[in-house]
């Protein structure tokens, strides 16, 4: 993990465009993010159930965005540890769309290929690949593929649970494909084009 | 020709009611003859425009001009009579404020011609429209050209006095004739130029005998289909009576007879826009605070432009030339 | 009969089959007409949003577009799954808050011959519809086998009461809708302080250690409150707490056996339906012992919730705040 | 030379609320387009429809009328009279051939400087979308020169 | 006679050409105006392009409102024989008076001056210099057209009734009432609770000096109660206010105490004997009990108790009457009814105070659910020697002394979910609590704050004193307070979960007691009160002052002043200062004996009035009457407030209004539209 101090000393000289980082994140976030309104009160970091595993509290991450620390901010594991519980969102005295900012930071990190651990990005991508292929999620395929790649050593431990799920028919053996998969693919293709153009 | 002062009366875009009102003064018309030399009065005597053109400027003492300015002929004669007359009176509602012909200003001139010559009531299978000039073997025939909008007399020429009414009440005409004769005899003075003559200073209510109270209107109704209290103010009974804003002088004829005033005497002294006065007055006494409730009450006035501008449209601030958005 | 468009979501057909089965079993009883959206697709859960914005919202909005198209005399979409509910509701809200997002999404939808006008549907969670449309009185009137004696910890998780942009719930942190519904079924409802805390979400896949800690907090608190079972309304919560409970036990060397059951299953029981028709038995931590309590003799009174301080010498507590729609009456003091 | 259309708008304000809201917008340096020119009245109840007609007749493309919120009138309830007049006036204007959107009534308290500015923003854009107000001025098309000497004509009777 | 109806506007313009000699003065206001508007161009344009309208001089000057600027106008009036003056500067609400006075000094009737705003409404709100300059010209042109039609006027003189109404008997109202009464004028002090004293009477100590609140407040309360110039109306509420500055008629409901004040000696036997205990939500903040007949606290002024009929056993069940039986002076009267009083006053001071933010709304702080979470007002009672625990700081069980206490700042304040403003007093209040807890219990004290705001005299020193005492400060907005432990050391405690933003980590801090430094908010009925007095509230609900900096005491309604928290959150010294300032204003008004008010009045031209009676029910002040004999309506100038609604309504055009005549406004509109702002497009 890169600390604030390291960023200050080791990062290349600040580029002007970095000052636009906060605005860029805000712009790419769904809805009106209100990110610029943050008063650094820390209510988000205080509320977070998974803060213990985060490199930075959300508040600190926002301060880094403000400071234009692009590399350090995108490298932070914080967005990947966010569990989308929305506690911080409803408690934020400035109504910052914190959870959605986290989604934005994830997508920016993937784009910039800046993350320390590929577990989470891979999980998301695997999930998305399946949805794009079938139109539905496919838990068995997802879980096995994911665990095989990232937690092979845990698989034996998980086996009873997987077997339980399967034996109780709580996991489908084969994926379900929606009828309008062609339509969905067309929609997503256009969506990606629109996104690239905007 | 006698040396009596010269008198003229002309009708432009009007119905002829004003002439009848003059004749309705009965024996008073003889005073006109006794005191004036009638030189031009198309409805009463034969005359040619060229005879008028030949007159010396200012040689006509008094011209009563009725009708609005609808055609180039109207405009030409208005200018001509202005030139030849010492005193030019806008006589009757049309010359003053446009009157019913002025309602044509709600439509485009082309639409008007189209409506006149090509609607269900007109049998015009060949789509023949009048032309302003047409060559025939005998030469060229011309008819007057219609102007884009109807104008009041003072929108075309300078006017000395205004005499409102549709038509002006005969007793008021008689009084004005008396006044002019007295002036001729040196017994009275003319009022200041620009004055309204032959009418009162206040509004119709001033002469209306119906009892009036504090007003709160909960609905507007048409005059038929309900019991009307003969002694109570019509507006208080929800009848949109324009008397509150209409110049007095008619002795409140319509409300007295049981019909609402429709406003032929035009605005009161000093009023800039007649319709605006009525809009404000009627709306002020509506008994509602919620927009929906107000709308419900206002639905009782289905045609506000007609209600408030039946006589005054051509003389109103907006004059109701069509706005761009409705043009095809 | 109340008519709604149903968006079940992927889990309802697999890991949360018990939820779907029990829901289908009770709809007729309480007069709920749910019409499933024809050919719906996955909402993207919490994953797609972190990859690309416009495709994520286009994916969600295809469902909205289909729902609006198929809506027949209703404008309400019901989602029983928390993540689905949140994604649909949030998409609809953000496309109104930020019209350019709506434009982009509609450009994408157009490629599939679809369109959606943000704000044209109401997105509601199943519990919301049950409590506020069907009504607790109706539900109460259908109860033939009250769950008396069953100590239930109501557990909603995160994504139903939050962020709640449309202000549909009594509170972000301590909503009372599920408690009231379980009460109506006759259950002994525990004042469960962690009722909207996080179950770990996708952390079971990404950072299992983080997830186990979150699961432990919930299960241990329910155990601490002597709950017979936890009632939930979220497939993800059920999955995490139920399927990963034994892993969690191993991780912390504990031995919790806390059944986690969908609230619709409990409704079915109270309505007199057979447990087997309600998806019981599909849970990995069995609810057998808990169910055994119902219908058997009344257990000894166990004090519920945090006991109020005794009268003698103690100081009075303030009255509870009136709940429903408190957020819409911002600034108004309720005395 | 051609001109880019910039709407001209007359705004009527109440001395106690909206005029102060406009002052407040100024004090807070909240920007809005310069298309609106304000007239101060003591109360929206002073608003005579004549003023609106006059503005529209004299070159304004739109008129915005502002007053205290219902129930908050400095003179107790005169803003309700303004509301009623506004509704009848708008109906009348529509009857005279005007788009209803050219006149607008909004409420703004003395504290609502930001709201005042944003309403002005919105209204300017609405009027811009409607385009310029063209009343058919009577002098638009002068009749072409009369073809024949009118003096030769028979006087119609 | 006047012009005829349809006359074209152009004619109207040329008629008055050159009749007046007008001076146009354009102010730079430093760079405030000149930074955006080309003031020189505006002045030159007015002189050249409006010459035909009578403009004889156009000048610009750095500060028109300065004495040099005013002298410039005065000199021109004399030398150039100006008959009208237009000043283009700031809002007329700021400097209209200044320029009118300048005109008056030069012998010109002050009402022949027009101030048009090119600062608040042009330079401060526009950025495009060309467009702003064009608009400034239009505004000046509007002013010129308007001023031509101004008529010389004289201000109206209205007598001031010497009595004053003060609403609210908290410290601000008390201060105001005493200042006025001491100056020799009569005051009615209306308070809706049974006693005056307000929130201050509930406090134990006051920051930063730690004076005992009661010790400094009660002498003032007694003074009010015994002052010959004060009529104290407690347990009373203002129901209606009519009239205007100098002559208000106020209707007050004096609620039935069910105790005859003339007979009651305040001995307290009735309270002692009353068998009904009721939780005291007001004075004891819900933490203590009172009887159904009660004085809220021993030092209450007046001393007479009131009966709470909703909780009285006699009113509930028809029996009991213990109070009546034991009262030695037969002062109990169960049949006593509310009284309606009508007061005549010249000025009004509103000091209705604040409500405490309802901490139950922040569900994550658990107030109302977790017993040992207290609000600030509860803690004030808890720490007050006269409170329910005799000043022992204990948990809600009534006996346990806390070993660790967390004090949470900004509860309900600085939060868009609740109140978006800073409540001003909470930081100092939190520090005071920290000190008291430390002093009385020796407990570990944590203060959780977002930003520490200790402005004003001796406040920051107090912060340092509390630091010195060892209070632990954590910078972070508390996320939640819970009783669910995660670790063994948390068992049996409340846990304050917060990000320590200076350490950058989340902390869970076990404590025994949490005190919420709860914010202030407007009274729940502030909007209704504002309406009743004809005032307006900000969007937050605080009453709006006339000017936020230069006149925070007056309101938009002349003769009504505000003091204390009704205007916004403030501490005791500020409330006292504002109360005294309001009194000074009132005294100033009373001593003028009469005041001049703007001569904006309507009048009826009786020749033209037809007696249609449209106007008759339009006036909320009943200034319009109908003369049945003459059949005309009349306006009573003394009652008319100048709104102009009747002027706009008169269908005959018979009612005219001074200062805002039809002519003036129509001309102004025409002037404003002289220029249009279409931008040329280069092809």
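Order as written gives the chain letters A, B, C, D and E; numbering starts at 1 within each chain.
Here is the rule we use: a contact is a pair of C-beta atoms (placed from the backbone, for glycine too) under 8 Å apart; a residue touches a chain by one contact, two chains touch by 3 or more.
Quick caveat: nothing in here was measured; it's all calculated off a predicted structure.
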Determine the set of chains touching chain A that also touch chain D.
-> E
Treat each pair of touching chains as one step and give the shortest count from chain B to chain C.
-> 2
Which chain pair has the highest count of C-beta pairs that touch?
-> A-C
Could you find the chain whose CA centre sits the greatest distance from that of chain E?
-> B
Determine the centre-to-centre distance between chain D and chain E, using the mean Cα coordinates as centres, and give it in whole Å.
-> 33
Euclidean distance of C-alpha centroids - chain B vs chain D, Å = 29
Taking each chain's centre as the mean of its CA atoms, how far is chain C from chain D in angstrom?
-> 53
Take the average of all CA coordinates in chain B, do the same for chain E, and state the distance between these two points in whole angstrom.
-> 56
Using the touch rule from the top of the page, what residues of chain A touch 2 or more other chains?
-> 52, 87, 90-91
What parts of chain E, by residue number, touch at least two of the other chains?
-> 364, 417, 480, 618, 645, 648-649, 662, 666
Got the chain C residues that touch at least 2 other chains?
-> 172-173
Chain-chain contacts as defined at top = A-C, A-E, B-D, B-E, C-E, D-E
Hey, which residues of chain B end up touching chain E in the complex?
-> 96-97, 152, 154-155, 159, 162, 191-192, 194-196, 201-206, 212-216, 233, 235, 243-245, 248, 266-274, 277-278, 280-281, 284-285, 312, 314-316
Chain B residues touching chain D in their complex are 42-43, 46-50, 53, 72-73, 75-76, 106, 108, 132-133, 140, 142, 144-145, 147-149, 151, 155, 272-273, 275-277, 279-280, 282-284, 286, 288-289, 291, 294-295, 298, 301, 303-306, 308-309, 316-326
Flag every residue of chain D that touches chain E in the complex, lowest number first.
-> 1-6, 8, 10, 16-17, 19-20, 22-23, 25-27, 29-35, 37-43, 45-51, 54-55, 57-60, 68, 71-72, 74-78, 81, 85, 109-112, 117
Touching residues on chain C, where the partner in the complex is chain A | 10-11, 13-17, 39-42, 44-55, 57-59, 62, 90, 93-94, 97-98, 100-101, 104-105, 107-114, 158-159, 162-164, 172-173, 197-198, 200-203, 205-210, 213-214, 243-244, 246-247, 250, 281-282, 284
Enumerate the contact residues on chain E facing chain A in the complex.
-> 364, 410, 414-417, 450, 475-480, 497-501, 504-506
